[in-house]
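In what comes next, chain A is part of two complexes: it sits with chain B in the first one and with chain C in the second one.
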Partner chain A sequence: MPTDVENWKDELYGNEIRDHLFEFAEKGWDAIPEDEHDEWFERFKWWGLYHQRKGQESYFMMRIGTPNGVLEPGQLRVVAEIADEYARGPAENPEFGDAYCDWTTRQSIQLHWIKLEDIPDIFEKLENNGLSAQQACGDSWRNIVGCPVAGKDTHEHIDAWPVAEELHETFKGDDDHVNLPRKWKVSVTGCDQGCGQGDINDLAFEPAEKTVDGETKLGFNVRVGGGLARKEPRFARNIDVWVPEERVTDVAGGLSALFRDHGDRDNRFNARIKFLVDEWGPEKVRKTLQDDYVDFELETAGADLRDQYTYNAGTGEHGDHVGVHEQPDGNYYVGLNVLVGRQGVDDVFELADLADEYGSGEVRLTQRQNIIVTDIPEADLDEFLAEDLLDTYEPDPHPFMRGSIACTGTEFCSLSIVETKNRQVRYARWLKDNVDVPDGVEDFHIHLSGCTASCAQPQIADISLRGMKTRKDGEPVEACDIGLGGGLGENPHFAEWVEMRVAADEVPGYIQNLLSVFEENRQGAESFRDFIERHDADDLTGLAEPEETDYEDPYMHNTKMTWYPYAKDDDFDASPAPTDGEGKPIASADD
Partner chain B sequence: MVHRLRLLDDAAWVSVNDAREAGAGELWPATDAGVCDCEPAWLVVQAFVEVGVDGRRIDARAAVQCIECGDEGTTNWLPIGRVDSDGFRPWDGLRRPRP
Partner chain C sequence: MADRIIKVNAYTTFNLLDGEAEGHGWTEDALAVLNVTSGDAGDVVLELELDNTETEQIPAHAERVRLSPSEARELASELDSYADRAEAE
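Now for the complex of A and B:
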């Protein structure tokens, strides 16, 4: 039987939601009939709007999809202006202030505390500047990800940026693809480092060579059915298809249509295409694509470049674009580390100024929640690198700062079980101040995800942290399950979950102890990932002990049971929500 | 009385009469939940599976993990609250299936 969500989507979905959204915005929050809240909030996702969690009613998270993470000159300033004017909530975050921008693991932007009444003005400003929230969430083509320096990369075999742009232009708002059984995440990469993270996407195009009619051509191999959510991680499967650049859109459309027609619409937990690939196998996916969804003969897979992948490959090479790198045109790009992907709005304004002053004004977002300033002439590099802002957003960060990623967490998210962003900031700072970095380790990935949805991609980190609860001294407290040894590269590997329900304030001590064990027992210059892989899964449990240290965690209580975890009075009853367009509390009908 | 019951946001919430009343991340003390032998079990709700009503009592089955023993699974029908003339009141205390 179709789910409620499918029934709502059947009734109204896609582009036409916009008119209703604007009508509600004009009339105000109260105009949405209470008995229609659920269906409208589900639909609003298609336009990039998530109703924030319990206690924050009437406020929305807005996601802006920036394909391949590219923000053209001027667009970063527009995002900062929107955050400054519209994304200020009723309470302040102690680490980031009261207005900030989040750069996400899928090269998108998230703003919080957006009021329904402001949405038409925000959309107008976005669209006047070539930006959009369309399909940033919901059951459709999500933001297309890839190598963030596509077109400006010396490692590049194909410039994948025009390919990503064409997919974006084709499938945003395309009526044939607006209503899929579930989200549809696509990666397109043209470089030899593997930084598009194709393995964890529903559909991945990866660079490959193929000899066709005696001519060797560059194109893409196709993989399908990757994803991390719900304790069911899968790497995308090779469906034995090579596609030239000019056919990418046809194959992508064919696979999207196959998913539309054959994905499970009766059970949302089983709806992602990874489960269809499990059921069918790659061969049937290929055959169905060939028989029913494309009108040309598919080529078999070509020779890929996976043995050259360095991105998150555990080899010690970075591949993450942080630092100073030369572009093919002789200019430079500088990747800046943004701890947990969040920047206060004043810093975003300043960065937009610097990008204008030193580069072309363009910036790019990475899948490690960082930001890259491009097109800086060599003669201006030293001056740029001496700017004060780069003391905070460093091009040469400490390994624990460089490797930290966190999802949204209980601050705003319905699914999360624990607080994440501020906690990971505190973890990284404490580790930097207290833990010796093992020799040769320059990049150490610690990803904190608040739940099994895995938005911080914990399974592909050196140390994977996933939100949990435990009891400590008789009291329930926030905790983490801990996994080890995940990563991508030629031979991607999901983390082994080895320590469960570790109280959140004992996690830094565990990491300290673990790295000490690693330093004492590694063989030569063995990498952390190889060290973990050398051990049996059973031996990894107990390899190090969780331990209290002088690390202090102010978020041990159940942050989900607050209206906002950092508010002075965080009880649900103290919430000002729902509020009107001016941010003033709306009295309930009972008052 | 007819109630509108739904699972929302990838089953992170139970919506009762269009208000989000129970959510992922809650910690339930429970007995006979059908997940483990702990008495009581302390169950972290990771997602909801089904929601139903029996008279005034709203019950749900949830994907949970016991923080005492680590076992995970889907619970029997356990109460999340009760609806009366004042509206929804969340369940307080030990949760057990109906006899």
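Now for the complex of A and C:
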């Protein structure tokens, strides 16, 4: 039996949602019938809009998909202008102010507190500047990810940026692919570091060499069926296909159509293609692709570069693009660390100015929620690095600052059960000030996700934190389940879950104790990931003790039960929502 | 330990309950997740999972029962009635 979502999509989905969205925007929040909220909010996702959580009715999160994280010259300022004018909410965030931009783990942009009435103007401004929120969410082709410095990378074997661009242009708004059984996440990478994170995508193109008709060519191997959500994380499976650059769009379209036709539309929890790959096996996926979805002979897989992957590989070698790196053209790119991926809007304006002044004006977003300024001539590099803004967004950050990722959390998200962004900021600062970094450790990844949906990609971190609740001194408090030892590289590994319901204010003490245990017991220069892997899973539970320290956590209470976790009066009753286009509370019909 | 079986997010009915597993000659207390959700065959699913770090006698697992809509309403009515009784005590 098709799900409610499938029925709603059958009635209306894809490009045509836009007309209805604009009609609602014209008439105002009340024009959306209350008993149709669920179906319209589901459809609005296709146009990059998530309705914010309970207590924030009438406000939306807007996601802008920037393929491969590329923001062309001028676009960062446009994003800042939109955030400045339209993304100011009724309450301030104590760390980031009242307008900010989030850089996401899929190289996209998220803005909050967007009012329905402003959406047509925002779309017009985005589209006039080559940006869009189309298909940034929903059951279709999501933002295409890849090596964020594609085309400007000395590690590169193929420039994957034109490939990602062509996929983006082909499959955004393509009626044959607008309504898939579930989200469809694609990664394209041409470098030898593995930074496209292909292993955790539904479809991954990774660089590989193949001899065809006596000629050795560079192209891509194809993997299918990766993803992290819930208890069912999967790494993408090798379907034994190599594809030349000029055939990538055909193979990608074939696999998307295969998913469209064969994915499970009766059960959304079983809908991602990872479950179809489980059921069929990679061989049947390949055969079906060959028989029914492409009209040329597929090549078998070529020789890949996975043994060279350094990105999040647990070896200690950086692969996250933070820092100063030379481009093949002799200019430099500088990767800036953005703690938990959020920048206040004034800082975004300033960064846009700096990108113009020192580089080409282009910036790029990474899958570690950071931002890269490209095309800086060597002669200007020192002056750029001396800019005050780089004291906050450092190119050479402390390992705990460098490794911190957080999802949206209860601040705005309907799914999360704990506060995340501000907490992870506090964790990183406390760890930096109080915990010795083990010898040789330069990257240490701590990812905090507010629920099992895994938006902060906790399973591929050294320390995985996932929102939960526990009881402390008789009171329910926010907590984390903890996992250890996840990462990517040639042999990717999901974190082992080792502790349940550690009170959020005892997590920094746990990490401190854990790193002491690691320092005392590691064998030589053994990496943290190898240290964890050396232990039996059962022995990892209790390896270190959670502990209260002088770390203070202002978000221990049930932040899900507030209208906004940082508001002075955070009771639901104090919420101004829903509001009209001017941000004024809409009186209820009973008043 | 194994990962949780039941997904936990803001839509989960209860993410922090006191639970208990009992066998012949043993009892173990553990915090628990209890959730009600829609089944995929027009039914209602009630699912329960005890934290597996606190249960040595049983492997990590969740348990589910599938209820027809009328059974779900009967259960709701029973819960309501026993809630009244508990409050009266």
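Just so we're on the same page, the second predicted complex is superposed on the first by the 591 of 591 C-alpha atoms of A that agree within 3 Å, B and C clash if a C-alpha of one lies under 4 Å from a C-alpha of the other, contacts with A are read in each partner's own complex, and residues count from 1 in each chain.
Please note the rule applied: a contact is a pair of C-beta atoms (placed from the backbone, for glycine too) under 8 Å apart; a residue touches a chain by one contact, two chains touch by 3 or more.
Fair warning: this is a prediction, and the values are worked out from it, not measured in the lab.
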| item | value |
| --- | --- |
| Touching partner for A:Val498 - first (chain B), second (chain C), both, neither | second |
| Chain B versus chain C as contact partner of A:Thr541, first or second or both or neither | second |
| Which of chain B and chain C A:Arg471 touches, first, second, both or neither | both |
| Partner chain(s) touched by A:Asp266 [first = chain B, second = chain C, both, neither] | second |
| Chain B versus chain C as contact partner of A:Arg529, first or second or both or neither | neither |
| Touched partner set for A:His112, first chain B, second chain C, both or neither | neither |
| Touched partner set for A:Ala453, first chain B, second chain C, both or neither | both |
| Partner chain in contact with A:Leu415 - chain B first, chain C second, else both or neither | both |
| Touching partner for A:Asp38 - first (chain B), second (chain C), both, neither | first |
| Contacts on chain A seen with chain B and repeated with chain C across the two complexes | 53, 410, 414-417, 451-453, 467-471, 476, 500-501, 560 |
| Of all residues in chain B, those that touch chain A in their complex | 4, 6-13, 15, 17-20, 23-27, 42, 44, 46-47, 65, 67-68, 70 |
| Chain A residues within the chain C interface of the complex | 1, 3, 53, 230-231, 266-267, 410, 413-417, 451-453, 467-471, 476, 481, 483, 497-501, 537-538, 541, 560 |
| Chain C - residues contacting chain A, complex | 1-5, 7-12, 15-16, 31, 40-42, 51-54 |
| Chain B-touching residues of chain A, taken from the complex the two chains share | 4, 34-38, 41-42, 50, 53-54, 268-269, 410, 414-418, 451-453, 467-471, 476, 479, 500-501, 558, 560-561 |
